[in-house]
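Worksheet: one structure, shown below.
Chain lettering (A, B, C, D, E and F) follows the sequence in which the chains are written, and residue indices restart at 1 in each chain.
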C-alpha cells in the first residue's frame, strides 16, 4: 500500500524517460525497481533522488562500493526503512558482501545501538580528547 | 551532567580493576575514557559492555578496523548518540580515516537518511527481487 | 497483525459509543477507521486519544487544516508510523494537498533529514544568534 | 540555549499561576523545574502537558510509581530526550529505584535496542502465534 | 520478506542445535520462533543474541519478569521494531500483563513520546537539581 | 565540541568563497552561521548541502516560506537535531511564525508523536480506504 499512485505509462513523460534510460545504462540492466516507478509521480523529485544516489553509489569515490552499501544499510536499519534495508542489502550482496560480512554488519549495527542507548541513558561528559576543533 | 555518579576510586573494586587493566592492555594506553569510568557504577554492566565492544572492535574480524568504526559512527549518528559520535569518529581517524573519507561517510549517512525518509513517506511495495528467502 | 483484539461489538460499551458518535458527527461520515476500532479495547485510552486529535486537528486553530495535516505527516514519516503516514496523507489530500504539494512535503522532509544527519555527525557549536532566551 | 524565552513573571498570568499552584500542591514542594517555566510561554500548552503528566504519573493507577517512571525513562532514552532522561531518572530514584535497578533498566533498554536493530536488519516473518487479533 | 535465507536443516549444525536445545529447555516448549530460525544463518550471531536475551529475560534478576517485558516493549515501540513489539507484547501477556496494564503501558509510552518531542523542540536548560554527578 | 576542525581561512579556497558569497547574497546578510563554516572542511559537501537547502528553502516554491520552515522544524525535532531545531526555529520566526503558531507547531509535533507511538504499539491493519495506489 503506497501513499501515491505511480503513473501508468511513466516514460511518456520525457523527464521520467531520461531518468529511466540513465538507470538502465548505469546499471546495465532493464530492471527498474519500484522506488523509481513510484517517484515518477513527480519528475523533479525523481531526478533529484536519482542524481544523489547515482553520483554517490554508482560512481567511483574514495570508499569501495561494497563498503558504501554496507554503511547505507546500517543507516537504513537505524532509521528503519523497510524498502531501503531490502534494496541496499541486495545491492551490498551484489557488490560482494558475503554472508559472514552480512552477519558482522548486523553485529556492528546492533552493538553500536546497544552502546548508543546505554550512553544516552548515562550521559557522561564527553572527554576533551575527542574534540577535533582544538 | 550525568544520571549516575561515578565511583571515586573505581579500581578499589577488583571487577572494575580487571576491566580497566584489560582496556589499558588492549589499547596500549593509560587513557580510560569517561564511558568506562561512569559505567563502573555497576561492574556487571561495565564487564558486559567492554566485552562486547572489545570482541567486536578491538579484535581481528572479517572487516578492516577503519571500516568497522565508520559503520559504528554511521549508526551512532542515526541514533544521535553524542558521546558515541565523538568517541568513534576519533577512533575511526586513529585507525586511518582521512578527512576525505570522513566527508564521504557523512555524504553516505545523509543521503541514506534522505532516501529513508522519502521511502517511509511513499511506501512503495518492496520488489520481489529483493527477497533473500526464496 | 495487531497486538490487541478489538471488541466485536464495541458500541455496546456506552463510553465507546459516545466516542464513535462524536467521530461520526465531527467528520460527517459513517466511516470509523481501524485505529478507533482497535483502541476501543480500552475506553479511557480511546477517549484521550480522540479528544487530543479532535481538538487539534478537527477544530479551528491558528494554522490552516491542510498545513496541520502536512506537519502531522512529516512527524509521522520521521517516526516511521506506517498507519499514521497513510491516514494523515489521506487526510492532507482530503483537505486540499495537491500532488505537487505532496512532492514538496517529501522534499522538505527528506532534505531536513539529510541535514539533520550531517549536523548530528559534525556537531558544530550552535550560534549564539539562535538563542531565544536572551 | 532554548527556542523560547520564558516569561519573567509567569505567575502574573492566572492560567500559569493555577498550573504552578497545582504542581506545588501535587508534589508538596516549592520547586518548579524548567520545563514548566519555559512552557509558560503558552498557557494552553502548559495546561495540556501538565494535565497529561499529572493524571498519569502523579495519580494512582494500575502500575506502581517506580515502574511507571522506569518505563518513562526507557522511552526517553530511545527518543533521546536529554531533559526527560535527566528529570525522569531523578524521579525514578525519588520513587525508590536503586542503583542496581537503574543498571538493570539500562541493561534492558540496551539489549532491547540491540535486538531491535538486528531484527530490523533481518526482517523475518512475524510468527502467527503472536497475533492477538484471532 | 527477509534479508537472509534461513538454513533448511538448522539443527544439522551442532552450534545451532545447542542453542535450539537451550531455548526449548529454558522455555519448556518445543516452539522455536522465527527470530532464532533466521539468526541460524550465522551461528555466532545466534549464540550471542540468545545468550543476551536469556540471561536478562529468562533468569531471575532484580525486576519482576512482567515489568522487564513491559520495558522491553516500550523500547521496541520507540525503536519501531515490528517483530519485537509483537513477540515481547505476547511475552508480557504470558507473564501476567492484563489488558488494563497493556493500555497503561501504551499510555506511558505515548505520553513520554509527547513530552520528549515538546522538550526536544523547546530545549530548556536542564535543572542542576537533576545532576547525579555532584 | 565538533568532530571536524573548520578551516581558519575558509575563503582562501575559491569553492568555499563561492558558496559563502552566494549565502551572503541570497540572504542579504554578512552572517555566515557555523554549519557552513564547519562544512567548509570539505568543499564538495558544502556545495551540495548549500545547493539543496537554497533551492528548497530560499527560493519560491509551492508552499509559503513560513510553512516550509515549520515543516523543517517538525522533522528536526523528531530526528532530534539540536543545531537544526535552533537554526530553523529562528528562521521560521524570521519568516513570520508567531509565538502562538510556534506553540501550535509544538502541539502538532507532540500529538503526532503520541499517536505515532500508540499505533506502533497497537499495530492495527491499515484501512484499504487509505491506499492511493488503486
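Note that in this section a contact is a pair of C-beta atoms (placed from the backbone, for glycine too) under 8 Å apart; a residue touches a chain by one contact, two chains touch by 3 or more.
From a predicted model like this one, the values you see are computed outputs, not experimental measurements.
Trainee: On the document's contact criterion, could you list the chains that touch chain B and likewise touch chain C?
Mentor: Joint contacts, listed by label: A, D, E, F.
Trainee: Could you pull out the chain whose C-alpha mean position is farthest off from that of chain F?
Mentor: The most distant chain relative to chain F turns out to be E.
Trainee: Between chain pairs C-D and E-F, which one is joined by a greater number of C-beta pairs in contact?
Mentor: Of C-D and E-F, it is E-F that has more C-beta pairs in contact.
Trainee: Please compute the C-alpha centroid of chain A, do the same for chain E, then give the distance between them in whole Å.
Mentor: Taking the mean C-alpha position of each chain, the two centres sit 27 Å apart.
Trainee: Between chain B and chain E, what is the separation of their C-alpha centroids in Å?
Mentor: Chain B and chain E have C-alpha centres separated by 21 Å.
Trainee: Compute the distance, rounded to whole Å, between the mean C-alpha positions of chain A and chain D.
Mentor: From the centre of chain A to the centre of chain D is 34 Å.
Trainee: Of all the residues in chain B, which ones touch at least 2 other chains?
Mentor: Where chain B meets two or more other chains at a single residue, that happens at 1-4, 6, 45, 49, 75, 77-82, 85-86, 89-90, 100, 105-107, 109, 111-118, 120-123, 126, 130-132.
Trainee: Under the definition above, what is the set of chain A residues touching chain F in their complex?
Mentor: Chain A reaches chain F through residues 1-6, 126, 130-134.
Trainee: Considering the complex alone, what residue numbers of chain E touch chain F?
Mentor: Those residues of chain E that touch chain F are 73, 77-78, 80, 82, 85-86, 89, 105-106, 109-118, 120-123.
Trainee: Where on chain F does chain B make contact in their complex?
Mentor: 1, 3-4, 41-42, 44-45, 48, 75, 79-81
Trainee: Taking the complex as given, what residues does chain A use to touch chain B?
Mentor: Answer in residue numbers: 1-4, 6, 31, 33-35, 37-39, 45, 49, 52-53, 56-57, 61-63, 67-68, 70-72, 74-84, 86-90, 93, 98, 100-101, 104-105, 107-109, 111-127, 129-132.
Trainee: Inside the complex, what are the residues of chain E that reach chain C?
Mentor: Against chain C, the touching part of chain E is residues 80, 85-86, 89-90, 99-100, 102-103, 106-107, 110, 117.
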